[in-house]
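Presented sequentially are two complexes of subunit A, the first with subunit B as partner and the second with subunit C.
Here is the complex of A and B:
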């Protein structure tokens, strides 16, 4: 492996890892508040990639029901708006956030109010995820969608930072991913550490009953957490969609499963841990030697299994004290 | 009746196999262990049947002999048991959702390995698995006895020292440990029993479906099995069976809705979890059913059953 390869791998690993990190922070936020895993997070990721696709004014294939609806309504199989990519990314994320709030109302809140076994939320959230994925299939068809060739306007898709002989191309989307990731980390740090809302969020995550006794509206905090979680899941879905294409209604499942490895690696419920875990997984995948590329997908699950067996509290976590 | 079975034999056999898979997830759950590893062992059983029947055994012309299927089941059971002990000893130190995540990782690693092992046919899988029967509906002769044996076995198990140890751990592992039960050994036994059942079901499924690939036994199916158990009822042997039968038939019942049926299926699973938090079949329901048949029985029998686990003694 040459030095150039190493740089290229680090760059690619950081880009993929940043997306994992954004996705996983959303995942782990829900766990930090509710101590459960939201198995619909992968479906939110998917749905948002489609939202952003629509908002950029891109066309729907003939197999999707929206094709006919839009053609009848607007005269073309696309929405009559064409938002710039960065705006569409943000609006798509906000829409995903609303989907997340709806998810809480349908799949989580009824069980919470009945005091049901937390395991049941695995089933109810997955039921909603199945419904969402099939709704996507109904509206958009099962095909692969690619964003238009130049979604960022008139800037080149990649810039070469090496020489002509030894190219180190940095793709524009990678720059956007880094930028978005940094903005999100700064925003989250501010939100959680310096606002009243963040304080309430930490209080609920520490002890929901005491928090509600102290006058915090826990149901609203939980709903906000779902919004924030789905917003982050949605942003990461769009970023993956625009860099490698939207590979059909099921493409969030892989991320949903790999995300589990990331949040366990960082320690379940640990936000800085999830960010580090995402970067670590991205880099680990980037450095899989080419002859073993078929096993690249297994890296996340190997990490998941080994971390659980060796250090279940995650890389940053402290060992849990078992109370009898 | 015969005509009905010609049409629905495939579905009915699928329902029976799904019920058996639900039991394979129920077995570790009896000892309080949420394991989602069943699809992994199911996939292994299927691959064992596929490889043995297409590449190792060559019984000659005519239908594939049933005794060879039984041999495949034996091999699958042994391999599943060995692997379950190997994976179970480190993994079962984990509790609750952590064990579930470890078993998801196990299933995914197996899936990616099976995609990349040349002997297993890569992404295409293994085709033309020989058939011991003329129609798919006849597989009920393998599936139903297996389901019944598994049900009787678990029903009896609930009344043995081992079964009581399972429930003790489900209720409170530390207390069970203090009472002289070895939690690790007991949990590994429960996990291994579930793995063996899943492996054997996989053997039948591979012949039944005629083809086997890495899409069999994935993460989706583990959550389906979990839905069977939790919506059916996770406190008696009948719950997972009823859940497996009903939820496998459901997409077929909804077939008239065409492309809406899986949307509705997902919603019904969510609604089922919300409205049947104890599952459809609860110990209370079973004891009420029993009291109805035996009017002389004192009413307190049912009360007692609702506090202990499993049907009334």
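Here is the complex of A and C:
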């Protein structure tokens, strides 16, 4: 393997890993507060991509129920608004945030209030995920949708990190996703460590009962966490949709397992850990030899297994202190 | 405070959307309703191992239909604007088992449209000598277990005379043996992997095998680009069909055309990021890339190849033979060579009629191969049943015999379908007279495009 190949593989790994990372941040946020995995995150990821699609005024195909609804209501199979892509991206994220809050109300809070086993919450979130995916298919159909061409203006399709003679190209959208991932982590680290809200978040995460005794509205904090997780997941979902197309109702779900691997790898509930975990997984996949490339997931999960054996708390996680 | 208000708004929005959707949704077809209410009796019947013994519905149906034979119904359906004929008698049930959910629904939903068009079309033309046909849809989802369930439902509960399905070759290998054992004729509408008709006597297909269709696209690409020496091949290794197809492609490259196979890259149909594969392909410096996969993965691979700098010709397999790849690779789809078993540009009365029916239902879109092949499958059953009826063999109370007669009749006939004229080998392999190679031509909007027939 030449040096140029190594460089290309590193960049490829960073590009792929940052997608895993921005997905896993959503898991991590919920996990850090509630100690549960929100399996519906993949569905939120997907639904936001569809929201953005709608907000850009794009048409729904005949296989989706919305096609008929919109045609009857607005005279065309699309919403009568046409937001610029970046605005649609943000509004789509906000709508996804609302879906996240709704999710808490429907699937998590009732169980939480009854002190249900975390495993039940897990199953409940899985149920909501399946229902959401099927609702998406019902409303939008199973087809692949894509955003209007050049959503970010006329930027080149790839950025060359090599020379003109030996190009080391990386797709521009992947560079964007990488930086968005970094911005999200910096923002969350600031929010959690340097704001009053962050203090409340940490308090609830430490001990919800004590926090509520101290006057923190824990339900509201948890709902905010769901909003934030879904909002960031929403932005990420749309960006991934720009990268690979909104490939049907299942497209977010496929990141679910990888996302789980990433947060375990990085350290459960650790936000910088989600980024580190994502990038480690991405790099591991990028360096899989060409003849085994279809088995890159197996390689990635083998690494996960090894990390767990050597360092059960993950790369950045702290060893759990047994509470007596 | 704000919180309850926001939640209330969100909730009401959701409920409003759900309710209006229920109101505005197209009424579910009779068949889907029917499958929603399995009776205990049906369940008991399903448990009984011999299917042949229990056939009350069809028996009754056959008796009821013994009387009416309206005017001599056409066997070869000419595509004139015939007025709808009055139909009477209990409908003859034909099963359609395709993927209506899962990520294979992308293909399955096109097949459902093909089936619905066929049902309306043939019933409008008098059904089976005046007796209507009814397609019973069962969802196979995207996996083998789903296909097996759907087949068992159709065979034991719905008591269909024959089945069209499943969507994927992978599923056919699992589900077809069940139908074969039960003596129910199966027509594969989109199973093009090697070995499908060989599953059993009752298994045939209208979808020509990849070994016959695929090489045409490579030859067309080489004809346009005579300088090609190095070829890179990529395929989805978790898909039986893509694996079978890439074998054909690789053989064409090395054995038939004597070119250098520079690299073989593999991926999964669920992959969306192909950075690693594209890097490997670019390192091999190919003059031609051949891809076997499905729409979302194949389209993304094409897109990422082009974005990262590949400029040579691309040949796509049958999985890319759908307009569904346009939104994935957009303007980057331009120029892909694809061999086809169906072309909307074929001008025969039958294809013109099919195209018109499809366009009316799909807002002027041209039909692709998937709906056309399902339509052809229904046509084979309808014309075979019509022939059986003429020979007096439809008025039987013995469902097992009817199924077996139908199988024999279907395999012996000649059919003028939207795919062009087809017939079957005794084994059940389709003999298709005409194949097509198309090149994708994207419109300037970068979102829509069409398959342009390469002469």
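One rule holds in what follows: the second predicted complex is superposed on the first by the 302 of 324 C-alpha atoms of A that agree within 3 Å, B and C clash if a C-alpha of one lies under 4 Å from a C-alpha of the other, contacts with A are read in each partner's own complex, and residues count from 1 in each chain.
Please note the rule applied: a contact is a pair of C-beta atoms (placed from the backbone, for glycine too) under 8 Å apart; a residue touches a chain by one contact, two chains touch by 3 or more.
Please read all numbers here as calculations on a predicted model, not as lab measurements.
Contacts of A:220 after superposition: subunit C is touched, whereas subunit B is not reached. Once chain A of one complex is fitted onto chain A of the other, the partner contacts of A:260 are limited to subunit B, with no touch recorded for subunit C. When the two structures are aligned on the shared chain, A:297 is found in touch with subunit B and with subunit C. After overlaying the two complexes on the shared chain, residue contacts for A:37 are found with subunit B alone; subunit C is out of touch. In the superposition on chain A, contact is made by A:68 with subunit C only, not with subunit B. By the document's definition of touching, of the two partners only subunit B reaches A:127; subunit C does not.
When the two complexes are overlaid on their common chain A, residue A:139 makes contact with subunit C while staying clear of subunit B.
In the superposed model, A:283 makes contact with neither subunit B nor subunit C. By the touch criterion defined above, A:244 lies against subunit C but remains apart from subunit B after alignment on the C-alpha atoms of chain A.
Shared contact residues on subunit A (touching subunit B in one structure, subunit C in the other): 134, 137-138, 294, 297. Residues of subunit B that touch subunit A in their complex: 34, 90-91, 93-94, 97-98, 100-102, 104-106, 108-109, 112-113, 115-116, 174, 219-220, 223, 226-227, 230-231, 259-260, 262-274, 277.
Those residues of subunit C whose C-beta lies close enough to touch subunit A in the complex are 3, 6-7, 10-11, 14, 17, 20-21, 24-26, 101-103, 105-106, 108-109, 237-238, 263, 265-268, 270, 272-273, 275-277, 279-280, 283, 295-296, 299-300, 303-304, 306-309, 324-325, 327-328, 330-331, 361-363, 445-447. Against subunit B, the residues of subunit A that register as touching in their complex are 36-37, 39, 106-107, 110-111, 114, 116-117, 119-135, 137-138, 253, 257, 260-261, 264, 268, 294-295, 297-298, 301-302, 304-305, 308-309, 312, 324. The touching residues of subunit A, when paired with subunit C in their complex, are 5, 8-9, 12, 15-16, 19, 62-63, 65-66, 68-69, 72, 98-99, 101-102, 105, 134, 137-139, 141-146, 148-149, 157-158, 167, 169-171, 174, 220, 223, 240, 243-245, 247-248, 250-251, 254, 285-286, 288, 290, 293-294, 296-297.
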